[in-house]
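Look at the two complexes coming up: subunit A is in both, with subunit B in one and subunit C in the other.
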Partner chain A sequence: MNSVIKGASYILAHTPDMVIHNGTTQTTERIVNPGSEYLVELPGKLRPYDDAMRYAPNQTYIGNLTPDELSAVAAPWYEQKLEDADRFGKMGEIMPQDEFYILMQVCDAFDLVKLEKGFVEEVKPRFEQHPLMDESIIARIKGGVEQSEIDRAIGEDHAEGLYQDGKLVGYVKKSHDVDVNLSAHVILENLVSKASCVLSLLHLTKNTGIDKAEVDLVIECSEEACGDMNQRGGGNMAKAAAEIAGFSSASGADVRAFCAAPVHALIHAAALVASGTYDNVVVAAGGSTAKLGMNGKDHAKKGLPILEDVVGGFATLISKNDGINPELLSAYTGKHTVGSGSSPQAVITALVTDPLDKMGLKITDIDRYSVEMQNPDVTKPAGAGDVPLANYKMIAALGVKRGDLERAQLNDFTTEHGMVGWAPTQGHIPSGVPYLGFAREDILSGKIETCMVIGKGSLFLGRMTNLFDGVSFIIRKNSGETEQTSAVPEEQIKSLIADAMRNLAASLAGEGR
Partner chain B sequence: MDLLKGKKVIVVGDRDGVPGPAIDECIKTAGADIVFSSTECFV
Partner chain C sequence: MDLENQKRVKELSEQYGPENLVVVLGAAEGEAAGLTAETVTAGDPTYAGPLTGVQLGLKVYHICEEEIKSEVDPGVYDEQVGMMEMVLDVDEIVDEMSAIREQFTKY
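And then the complex of A and B:
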């Protein structure tokens, strides 16, 4: 039987100081052009927490605004501050940077994160009030250290600084003298990813009501590599995050496929549940510090605030078919293969129309397509255009070519079957998965019946292949059939066996005569 | 069609637009000499 999607969570951590110190656009600029105008004006371009929290795409990401409601907000969205906005949404939250540093320390198992004494005293009481932080998590917060220790670690020991409003309030230290894979830089990136993954897991637990002990497996699908010099991508961020979140019965494993990893991971999860290997599989990922401020130079040049100031995370629960929640159709996935070819037509054929052809459906038979859901506020000023819209146009164009829709319907298709983008440019985070939570709600409410989720990945960035990657799956309204209703009842099986035995006995008796 | 004939060309494709290898195939037929080709991801 198909597995079902029981819920999803979406979190952001607003990390403006990390934009300056950890985003690769900025760290690269400091190396190649240390006196640049951009670096000088950057601090003044960063948004305060309240602005980032009231930003319509961010409120959409955590579930307080639907994609349709977002499309009704006048663009560009950075010019609007929503009156009706909140840190917490029905699918997650936007955590402030200072509390996120505490969460990073909570996630640190090797005493590598140190925070200043006064900072801990100020922020810890607020962190303790968080509705999802239980005693086991609070107990992991350590006492603060002196400022002099922090200054020494940064100045003499290659530690990475943690800053709040430009002030040094802590550090992440290296875990090996020589191994670059355990440098302070890598440890910090991995702890940010782990902490944002953990926060997603905690919200998923709340959103789905699942008993933490019932989660069998966590599949983590971010884009970070954790390991040492002998196994650089050793991994299992999944199990590391599951431990902190308190999923005591869960194992874990990571799936890596650049931005396509979440959709690959969901297909893995759906197959593992449908096959009966596990009952409850969580797919989750934290975010990326490297991508903070990725398009910051273009934003600053055009007088915009730095919009890439949040780390993203998401989690979703795939479970045995309950006859209620939307089904993930594992038998009808799309995949861009080694031999698919790279033209836009070849890509859309592999990802969209191949699975539809298997089901005998037209492009217009899918109610909603969840593609690369990047926020156009971020991408358009940087010259990358409106990415979701470009994807919808390509799907529509192939639809016209196949005769699934008329050329005149092309624009209507993009609004009727597509959505505006709202996800932060955090690589894997916008890739197909931001709509999963809404899709579940829209299917349960009867607004839509089917949705195709498409993830794409830029494999060529790793320089191991020139290939691109992409995968897709379809979710649809539950047929109402559960394992109990579809299976042959035990009584019927007993009756069939009894009949067979009687026939055998009768036939043997006949032979004996 | 002679616009690209014999010209040395650098190709920069877009993952969410037209990728490099697809552009390569087109401009090869126009007689261009591709000296560098890549696909970039802008998101």
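And then the complex of A and C:
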């Protein structure tokens, strides 16, 4: 029996100082061109929290604005500040950087994050007011250290600084003298990923109402590697995050497949639940510091603020069929295979039309497609175009080639079956999954019945293969059948009937005697 | 243009001679196609890669241009490129590519 999607959460952490100190575009520039104009003007191009919070795509990400409502906001969106905006949304929140640093310390199990005394005293009371931070989390906050200790760690011990409004307020220290995999840089990157994953898990718990002890497994699907020099990608960020979130009965494992990982992970989760191995599987990921300000040079050159100033995270809960929530159709997934070929046509065929063919459906039979939902505000000025729109056009064009729609309907298809993009360009974060929360609501409300979720990945970046990758699945309105209503297997029915016949025969034989 | 690809084009050009090479692009937009074409003819305009200041002047075409399309078996072309041809702004790409070739291609 198919599993169902019980809910989703989406969080952002606004981290402008990390754009400067941890985004690879900026760290590379500091090495290659330390005196560059870009580095000088960058601090003035960063948005204050309120601007990032009132940014329409960010409000959409946390569920306060639907994709349809976002498309009604005049683009470019960075020119608008929503009046009706809030830190907390129906599906998550936008956490300010100072509180996020506290959360990073909460997530640090090895005493590697130190924050300045005055900073902790100022921010901790606010953090304690957070509706989702329980006693076990608050108890993990440590007292602050002296500024002199922070200065020494940065100056003498290769620690990575944590900055607030340009001021050094803490550090992340290295965990090994020689091993680059445990350098302060890598530890910081992994702790940011872990903390944003934890925040997603906490919001998922609230959104779904699930008892934390009922979660059987967490599958983490970010793009970070955690381990030491003997097992560089050893992993299990999943279990590490589940521990802090308080999922006491859960195990964990990570799935890695570049930007396609969340969709791969959801297919795994759905299969594990459908097979009966687990009842409740959470798929989650935190975000990436490396991608902060990735297109910052283009944004600065074109007079835009630095729009890539948030770390993203998401979580979803896949559970056994309750007869209500949308079903994830495990038998009809799409996959780009080793032999599929890399032309866009081959890719869209493998991901979109192969699974539809298995079901006897046309491209137009799917109500909505959730593709790479990157925010076009970010990608267009960087010369990468409107990514979701390009995907919808490709799906439509393949539909024309197959005769599923007329060429004249190509543009209508992109608006009727597609959406504008709203997700931050954090690799795996925009990849198919940002719509899951809305999709569940839209299916439950009857607005749509089916949705195809597509994730793609650029494997060549790891230099192990030139192959492309992608997977897809379909979610559909629940048929209404539950494990209970259809729990009696055919064999069991046959055996019951056989028993009844035997009893009847026996009783008839008895009567005749 | 990807730095690794710049390196490969430079090496191939040294190995086989620039007059014997044709670069075929598949970029999805005119601007992106133009930038790549400029890189393999006049040098890397972003001053970041191995082709910075290297004027290879190579022959360069986009897969959707008639010169290349007519070289490909129509069945194969339809299977591999037909869908994208419907999506791309081919005229814009052709304009961009022609302008770069007129200016910078030496062969």
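In the analysis below, the second predicted complex is superposed on the first by the 490 of 513 C-alpha atoms of A that agree within 3 Å, B and C clash if a C-alpha of one lies under 4 Å from a C-alpha of the other, contacts with A are read in each partner's own complex, and residues count from 1 in each chain.
By our rule, a residue touches a chain if its C-beta (ideal position, glycine included) is under 8 Å from a C-beta of that chain, and two chains touch if they have at least 3 such contacts.
It should be emphasised that the depicted structure is a prediction, and the values quoted were computed from it without experimental measurement.
When the two structures are aligned on the shared chain, A:R407 is found in touch with subunit C, with no touch to subunit B.
Within the superposed three-chain model, A:P344 lies in touch with subunit B and with subunit C [touch as defined at top].
In the superposition on chain A, no contact is made by A:S472 with either subunit B or subunit C.
In the superposition on chain A, A:Q26 contacts neither subunit B nor subunit C. Looking at the shared chain after the overlay, A:G383 reaches both subunit B and subunit C. In the overlay built on the shared chain, the residue A:K393 is in contact with subunit C alone; subunit B does not reach it. Of the two partner chains placed around the shared chain by superposition, neither subunit B nor subunit C is touched by A:T316. For subunit A, the partner with contacts to more residues, out of subunit B and subunit C, is B. Of the residues of subunit A, those at positions 341, 343-344, 383, 385, 390 touch subunit B in one of the two structures and subunit C in the other. Those residues of subunit A whose C-beta lies close enough to touch subunit C in the complex are 341, 343-346, 348, 383, 385, 390, 393-394, 397-398, 400-401, 407, 410.
Listing the residues of subunit A that touch subunit B in their complex gives 259, 341-344, 347, 372, 374, 379, 382-385, 387, 390-391, 425, 427, 430, 456, 458, 460-461, 466, 468. Across the interface of their complex, subunit A is touched by residues 28-29, 31-32, 35, 79-84, 86-87 of subunit C.
Here subunit B touches subunit A in the complex through residues 14-22, 25, 38-39, 41-43, going by the rule given at the top.
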